[in-house]
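For reference, chains read A, B and C in written order, and residue numbers begin at 1 within each chain.
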Amino acid sequence: MTYTVQQIADALGAEAAGDTTLQIDSAAEPGDAGASDLALAMSPKYAEALGSGAARAAILWPDADWQALGLKAAIFVARPRMAMSGVTAMLDTGQWDQAGIHAAAVIDPSAELGEGVSVGPFTVIGARARIGAGSAIGPHCTIGKDAVLGPDARLREMVSIGARATIGARFIAQPGARIGADGFSFVTPEVSGVENVRRTMGDQAGARAQSWLRIHSLGAVTIGDDVEVGANATIDNGTIRDTAIGDGSKLDNLVHVGHNTRVGRDCLLCGQVGISGSVEIGNNVVLGGQVGVVDNIYIGDGAIAAGGSKILSNLPAGRVVMGYPAVRMETHTEIYKAQRRLPRLARDVETLKKAVSKQGSSD
Amino acid sequence: MTYTVQQIADALGAEAAGDTTLQIDSAAEPGDAGASDLALAMSPKYAEALGSGAARAAILWPDADWQALGLKAAIFVARPRMAMSGVTAMLDTGQWDQAGIHAAAVIDPSAELGEGVSVGPFTVIGARARIGAGSAIGPHCTIGKDAVLGPDARLREMVSIGARATIGARFIAQPGARIGADGFSFVTPEVSGVENVRRTMGDQAGARAQSWLRIHSLGAVTIGDDVEVGANATIDNGTIRDTAIGDGSKLDNLVHVGHNTRVGRDCLLCGQVGISGSVEIGNNVVLGGQVGVVDNIYIGDGAIAAGGSKILSNLPAGRVVMGYPAVRMETHTEIYKAQRRLPRLARDVETLKKAVSKQGSSD
Amino acid sequence: MTYTVQQIADALGAEAAGDTTLQIDSAAEPGDAGASDLALAMSPKYAEALGSGAARAAILWPDADWQALGLKAAIFVARPRMAMSGVTAMLDTGQWDQAGIHAAAVIDPSAELGEGVSVGPFTVIGARARIGAGSAIGPHCTIGKDAVLGPDARLREMVSIGARATIGARFIAQPGARIGADGFSFVTPEVSGVENVRRTMGDQAGARAQSWLRIHSLGAVTIGDDVEVGANATIDNGTIRDTAIGDGSKLDNLVHVGHNTRVGRDCLLCGQVGISGSVEIGNNVVLGGQVGVVDNIYIGDGAIAAGGSKILSNLPAGRVVMGYPAVRMETHTEIYKAQRRLPRLARDVETLKKAVSKQGSSD
């Protein structure tokens, strides 16, 4: 697919200058750009490399002197990452060129596929499943019975959609995403050591060894509109009610969301985040990479946790935390600085003890 | 599948009251329950919502006044989660309705499938593999050559069972579980920086840059009876002997078990737990979410680690730990409280230094 | 496959003694070894168990008295793990016995497969993809359009290779590895709370709730020679330039490498390591299990991080770190010891305060 510089500028709602009829078929870093690439040089720092590439057109910062940079055309943007969203969407050539239903897909006769749905080879679609119009289902996917997928879904290869899952519009799933695994829920016939430890904060209280009985997941997963789930991420079915992900939330690779948990709207869960069961997460929450969240707590709207934080208790709305256990970021910084000084502090106390002892004895 | 209230009570070994011939086809939370649902209201707190639902039957706590709650029938249980196990098992409608061997499965002629085994589309079963009677193998699975799977296995879609794996009865694997990946085992021709750091606790001792040579995994994985492995979890082959998981142990999503490690009976490894190679884990051990275990240590029977703990040394039986590095939970709590007070402690010491200095000079 | 003791010794470049014509078909631990197994007893500790097995041949340490151990033949090695690499490579019987292109693979007519390539059932190979000679592509793999795979690749089942990926010689991918998922890259129309927190170190500065716009990944993944990627590990596509993994680097199971990140040569990334986007990692870097690396930093050549470390800032070459946040290992040890003594230190300060107060009042 090829666009003129003007078409790209119009799509971004941005100003353009120079020969805006130049044809663009790809984007590149300034030093790597060829004649039909749009160089991405949104700050003077990046523009320096334009000379070592062959770009004729670039995206620049407002009021940049494009002619002095040796360009034939330029687009000017104020918020570079926003421009990146628009330009990468236009120039994305996608993963496959599939069309229609591949002959090697196995689709239950009772499944309903909307207009323009494409299905890759070796995909299995179960009884009564419904796939919204315009969706592209990649190769090797499994879509369970009674699952509902909204319009314009994009499923990469080997994605699992469990039975009875309900998913909104424009869903994106990366390879190996698992929607609707069974929840991890077990019970012992008598009170277990874990239950005692939770009650006593550390004492098993003599619980004897027992085997685990399985609690099946009768619930499923409900996902809103505009959600994206990363490669090999997993979202478990609820026990009775559905596990839920709100509109606009994005889950990165290898994220785990436990059974019954509810994630609100427009949240970002970064790589390898792990959320236990029955957690309530508000809207616009951002959890950095490898954050962990203990079960049965809530995290208020707009809370932010730095990468690696382990959240062990409720967080109020807007709270910014870090650490294990996670505390306010400024508290963490204060504790951390004091820790670095701890060995010196210990030496100071030793010195003081001797001084006081000497003074005491000299009294 | 439909049951009467009496049938469910009998299965749970529980008392029932009222019109126990009422037909039940599903379970629901009290506020969501319809006329053919069994409402789960095992405590007075949950029972409050019965009024906003349409349940005619519910599971309640012992001696609950079911008639006052507007019900037509009730079942009474003392340990709610135990009842959940029984009732969810009865009412689980499963992921597929598959029967028999799908025409699009590829099964080696030398493989042996027991009576009543079903195999989903696009599953591959290797030479001499044996599948126990009553097993249901989902779509897109790969079962390696010489693998043995006990009776009544339940494999969701896209499960890998490596060559020569040996698995007991009633095995459950969630989507994308990987049994029998190769171990992560490499060696450098000369002593490496990592080996020196381990020996010296921090000093690379001038080791030079080298490339890594692969140690192949000749061992496989041995798994006992009644084991469940979560979505996208991975268990590596042993180097010479098998990596082993004992009877009754349950592994959650995205758990990693390294080569040669042996996990005992009835352990729970929660979401994203990572266990290095050559670890010996006893029976009834519970590791919370995101726990990490360093290689070549042992963890005694009944030990419990809170979520996020990093276990860097041997744990005796029954020990309850938390933190990084993991220490006794009460030690962790004590250290943590002291840390919170650290900035104040530092100020106290500063004040003391001034006071002592002044006293010293006034002597 | 069977070898004589002499053939194995020659392959290892090691000395052998006794009846070196003995036939070996497998390796075993000393206590488990049968008559055609090579027992691995590279230290006197392991050799003790030879008596309880039936081994006739073993690998021993230099100058071991093999006849006194009751053996008929022996091989002597100085660096046991190096010998393990050679002997396990020889005796590995592999995962499948596949040959040729399976009839149930779907291969685009424009794809180019080198000499001797085998392709398992249900694998999909896209337009213009090129597979190097001698490669074995397992079942259920997806190889995207325009992807290039070097000679002698070994792909286990259900591996994803994204469109436009470029991979060198002798690539090994464990089951469920995902090369070329889309990067996790989103932007809000206006400055977000996360951006403010990063700038202010903890203050959201009143950012309002917004939805996330997607930045597509136009880049792909470039991987060097002799790289191995573990089960269910994920490597994301770059935004514009490719995400890159250097020659000889090994990634364990469930490792995550974010978009634009560049990993150098001969690195080891152990189980569940998570690397954010735009990280620059040098050569010969070793990251222990569950290490996390924040985005946009660099890690110098030969740096080593202990398991569980969270690396939040640049690391110079050769640095050995531990902790959250990661600090020099000796600093971590010093801080940790001081922490363990913290409760006592706090009591000492209380005592001092009383003593000083008393001395002050008695002046």
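Everything that follows uses one rule, which is that a contact is a pair of C-beta atoms (placed from the backbone, for glycine too) under 8 Å apart; a residue touches a chain by one contact, two chains touch by 3 or more.
The shown structure was predicted, so the numbers you read here are calculated from the model rather than taken from an experiment.
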Between subunit A and subunit C, two copies of one chain sequence, what rotation angle (nearest 5 degrees) aligns their Cα atoms? 120
When subunit A touches subunit B, do the two copies use mostly the same residue numbers, with over half shared, or different ones? different
Centroid spacing, where centroids are CA-atom means, of subunit A and subunit B in whole angstrom: 23
Contacts with two or more other chains occur in subunit C at residues 104, 122, 140, 158, 176, 232, 254, 272, 290, 324, 339, 342, 345, 349, 352, 356, 359
The answer for subunit C against subunit A in the complex is residues 104, 106, 122, 124, 126-127, 140, 142, 144-145, 158, 160, 162-163, 176, 178, 181-182, 184-187, 189, 193-194, 197, 201-204, 209-218, 232, 234, 236, 239-241, 254, 256, 258, 272, 274, 276, 290, 292, 294, 310, 312, 324-325, 327, 331, 334-335, 338-339, 341-342, 345, 348-349, 352, 355-356, 359, 362
Quick check: in the complex, which residue numbers of subunit C touch subunit B? 26-29, 32, 40, 79, 81-82, 84-85, 88-89, 91-97, 102, 104, 120-122, 138-140, 156-158, 172, 174-176, 226, 228, 230-232, 248, 250, 252-254, 265-266, 268, 270-272, 283-284, 286, 289-290, 301-302, 304, 307-308, 318, 320, 323-324, 328-330, 333, 336, 339-340, 342-343, 345-346, 349, 352-353, 356, 359-360, 363
